[in-house]
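After this come two complexes, each holding chain A, first together with chain B and then together with chain C.
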Partner chain A sequence: MATTRILEWLGRLYIWLLLAFLYLPIVIMALMSFNVSPFYQLPFEWTTEWYASLWQNDQLISATSNSIEIAVITTILCTALGTAASLAFYRYEFRGKKFLQALLFPPIAIPWLITGTAMLIFFFGVGIGRGLFAILLGHVALALPYVIVVVSARLQTFAPELEEAARSLGANQWQVTRRVTLPWIMPGVIAGGLFAFAVSFDQFVVSYFLSTPGQTTLPVEIYAAIRKGFTPEINAVSTIIIVVSMALMLLTARFFKFGGEK
Partner chain B sequence: MAGVQVSNLSRNFGAHKALDDVSIDFADGGFYALLGPSGSGKTTLLRQIAGFDFPDSGRIAIGGESVERVPVERRRIGMVFQNYALFPNMSVADNVAFGLSVRGEAKATIASEVQRALDLVQLSKLGGRRPHQLSGGQRQRVALARAIVTKPRVLLLDEPLGALDKALRVDMQIELKRIQREIGITTIFVTHDQEEALTMSDRIGILRDGRLVQEGPPEEIYDSPKSEFAATFLGDANIFRGETTGVGIRLPDGTAIAARAGATLAAGAKASCAVRPERIRIAIDSGSADQANGNVLRGQVSKRIFAGNNSTYFVERDGQTLKVIVQNTGADRLAAGQEVLLRWSPKSTVLIAAN
Partner chain C sequence: MAEHVATGSRSGLRSALPLLLPAYLWLTVAIFLPLSAMVFFSSMTELPLSGKAWSFTLENYATFFSERLYLTLLLASLRLGLEVTLWCVVIGFPAAYVLAKVLKGRSREAIFLLVILPFWSNGLVRIFSWAMVLREGGILDTALNAVLPFKINIDVMYSYPAVVIGLVHSYVPYMVLTCYLTLQAIDDSLIEAGRSLGASRLQMLRRVIIPLSMPGLVAGAALIFVPVVGSFMEPRILGGRTGTFYGTVIEDQFVAVFNWPLGAALSFILLAVVLVILALTSPVLRRAA
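Here is the complex of A and B:
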């Protein structure tokens, strides 16, 4: 009995330590975004001045809107292209299919530093150069394999007779896809979209290589700002992003039960 | 509604001949069973008729119109799948409405047709349910309603009762037959269950290794099988092998077995005789084995299996185990080890050429 209780207690302690390890830095950062002192000095004094000055920081605002714009476009493109590719892999047998499927994994495994360098060289070679468009292309290339992997995993649970049944009832390919297949794989598509958004929005390395001064994304801008000298505005913008992305995640989890549904 | 003609249909998957020169005429309004062991080609044939797969050679006509290159969505067929294949994201009513809705029918027409189809399968009140809230039998009915609501020219059923338990199966067999009669639709039904094929269909086609072995009404195939395979696959049969004598065969030990008049085979050729277990009478060996009243064999009971309304005796004779089924009439039962005489009429004996 005594050992069980001790084990139980240790288990709880482990969980609390784990949560603290994960979330304490974030909580401290969020608190400090409301602290008067820019140097993390205590006692804590409440203020919203960093949020106010954030609105004055045009560079940070423009980097944030670049990031959101690129992430949204990446998400839309990758979700559409990735779902289409997954359906093609699922439905058709063609030459080189296995090879193409195997090619999905290296982009996930290759360090971004190397991918970034390669993209920079390539984009200069073909005349695209650096800039927001190059960043967008890079993000789409990075995020696409994630969508294909996630949607394909969901398609593995799809019963092929459902498409056959729909066809036997007179549905054409488009009707079959829209009314039978897509509703089934939608949780996978949403999850893939979230992955794509995260890959793009979090992306530092590739964005850093491909951005030009003044035209950049939030992670690169934060990095540059920290190098110049830290300001609590970074805490403020990070806190806003955390709150928004947590809210999005919770909403998604609320509306789409991942796995385990009928 | 329309008949289906399959002519010289062949389909190979690599080196495997899934269908080998199969021709069957499915008459308008008939109820056909395609029967065969797994890998016999019965499902391949059904999928060819449906249009999920195209033949390498041969012709398929529905209502006189060649369709062998027409894809499934334009063949106007109805199909019920083994696992029902109901759309999990739609209600029962939406499942049934699907075929009408993809054709762009008016909402009011769809609603009334769906209601009529659900009435026909006696599920009028369950239109709002989701497939996962239904029992196996109810899902089966929804699948059937969905397949017939579009008024297809032919109804194709792929082992539709395979997933149901025995009691429900019998109910659904009766139900399926009733619905088929009511709408008079040509129905082709794939099964590996011989009892189902016998009780439900007007005609049966037996397939083996991609070839049509025999085709005809259930009674005809059961009473006059043309091959050992047909005799043993549809029902149970005792097979004797020997050489033809003109009126039957002679077994290797010299015993003659007389067969029903009909097939004539050259004397001396290898041939078999098939006898159904319920056609053989079994009695205690009294010593007289005169052959005046037909075929007689001597044997010894090795086992008896009691099944309530009947008993199956296993009788050993010259290294062969014969089966005899005896109705439970209250007569004395024979024990294992008992020496017995088996008697049956030449009329119950079918002569089959060796294959």
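Here is the complex of A and C:
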């Protein structure tokens, strides 16, 4: 029994070490965005000057608004298209269904480097070219499978009898969907939408290959800045991004339980 | 009877089609057609749009096999993938075990969320944060020199280990997640039964727990190995001049050298490697599902 106690205690300690490994670099990066020295020199002296100077950086501001715009449109399109597809998979049996479901995995499993370069070649070849529209095309395709998976998971908990009952009471297909099915799966739809937003807002690789100097997103702009050299301004904008995306995921977790906890 | 089922499924498709069409059209235009186009372009001498004359050729693939550089880099990337995956198993599996079998209730839920939270935050930013820690005169350097009685110079930045550390940090939550899911499904009474029959902890681990959590380990390994082999941003930022891998060479073809046909060929070879790996791991995963 004593050994069990010690082992459990060691286990807990281990988890805290892992959390330190995961979070310490991020915390340090965030702290440095509040430090006076442009060369990250210690001792630490508090300032918000790096955040203030972000407001003067027009390039960064336009990239940020591009990122937000694309993420919002991606979210709307993905939730609409993804929910429709999930409903089709839930309601109907047909030949080739397994195949269509299997087709959702390549976008998730193939490295973004391959997908991104393939999109660049194809969009260039058919005349879409690079730029914000191409980026949007790519983001929706990358996020769509996640939305379908999340909404389908929620649909698994839905009782088909409810749709039957509504139909037998005289509701048509659209009324059934709007009044019965959608309210039930709403948490899944919201979680899927938040996923889509996160996938788009954090996407770097695909945006990188599809952007042009004038039409770019925030992560691409940050990558360019990092390659020029490290500055506390990069820390400041990175800190903002990390806070936003973590807050988004915490919000998502409220609607969607990861890991199938009871 | 069989005929009845067949008609039923055909009408099912007719009702399902309007709902499925928008999503799958989008995926076709933005994923499946581009991947096919890549195969087409990889066998061209020039881009058709460049205005120059072009023809079909296998030269781009010949380049890969004749110039040792590309093969060497692909092997280096595969080795990096293996190493990162191995570290993720070593670090992630025990953590998943503690989460699934030691922690309980609300604290388990909260810590689980904390572990997988970074996994959805920006990967680029997390790699950049390691640059803050690892660089000379960075936090690690300063902290170690403050504690140790002698002067040491940490020079991890712009080296192979820096790339490995950054990638492990990026991908270890995947391993915790997949292993946690399979470990959670192992019945506690099974472990108690084994223990009461006299099996030692180590025997339980080797004979029961690891075999039963194999699907999670394999899924995690595939989820980590595949993107690491195709990584280019992480080696660029943390590896500096030592950070040349297969992914960075592909990046160069598209953004610096502008030899798109060669880039497409290199990408396609990587895709083939990835598909072989996914095919090899899928039987284990299917057995779990």
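Annotations
The rule we apply is simple: the second predicted complex is superposed on the first by the 238 of 262 C-alpha atoms of A that agree within 3 Å, B and C clash if a C-alpha of one lies under 4 Å from a C-alpha of the other, contacts with A are read in each partner's own complex, and residues count from 1 in each chain.
Methods note: contacts are C-beta pairs under 8 Å (C-beta built on N, C-alpha and C of every residue); 3 or more make two chains touch, one makes a residue touch a chain.
Please read these numbers as outputs of a predicted model, since none were measured by experiment.
Legend: residue contacts after superposition of the two complexes on their common chain; A:A159 is shown touching chain B, with no touch to chain C. Once chain A of one complex is fitted onto chain A of the other, the partner contacts of A:Q101 are absent, as it touches neither chain B nor chain C. By the touch criterion stated above, A:G170 is placed in contact with chain B alone, chain C being left untouched.
Taking chain A as the reference, the larger set of touched residues comes from C, when chain B and chain C are compared.
Residue contacts after overlaying the shared chain place A:P183 against chain B, while chain C stays out of touching range. Applying the stated contact rule after C-alpha superposition, one finds that A:R227 touches chain C and leaves chain B untouched.
In the superposition on chain A, contact of A:S62 is made with neither chain B nor chain C. With both structures placed on the common chain, the touch criterion links A:I148 to chain C but leaves chain B unconnected. Chain A has no residue lying at the interface with chain B in one structure and with chain C in the other. The touching residues of chain A, when paired with chain B in their complex, are 159, 161-162, 164-172, 175, 179-180, 183-184, 262. Note for the complex: chain C touches chain A at residues 8-10, 12-13, 15-17, 19-20, 22-24, 26-27, 29-35, 37-38, 41, 47-49, 91, 94-95, 97-99, 102-103, 109, 111-118, 120-126, 128-133, 135, 137-139, 142, 169, 172-173, 176-177, 180-181, 184, 201, 222, 226-227, 229-233, 236-237, 247, 250-251, 254-255, 260, 263-264, 267, 270-271, 274, 278.
Interface of chain B with chain A (complex): residues 50, 52, 71-74, 76-79, 81-83, 85-89, 98-99, 102-103, 130, 132, 146-147, 150.
Partner chain C is touched in their complex by these residues of chain A: 7-8, 11-12, 14-15, 18-19, 21-26, 28-29, 32, 40-42, 80-82, 84-85, 87-89, 91-96, 100, 103-104, 106-107, 109-115, 117-125, 137-138, 140-141, 144-145, 148, 198, 202, 204-205, 208-209, 219, 222-223, 226-227, 230, 234-235, 238, 241-242, 245-246, 248-250, 252-253, 258-261.
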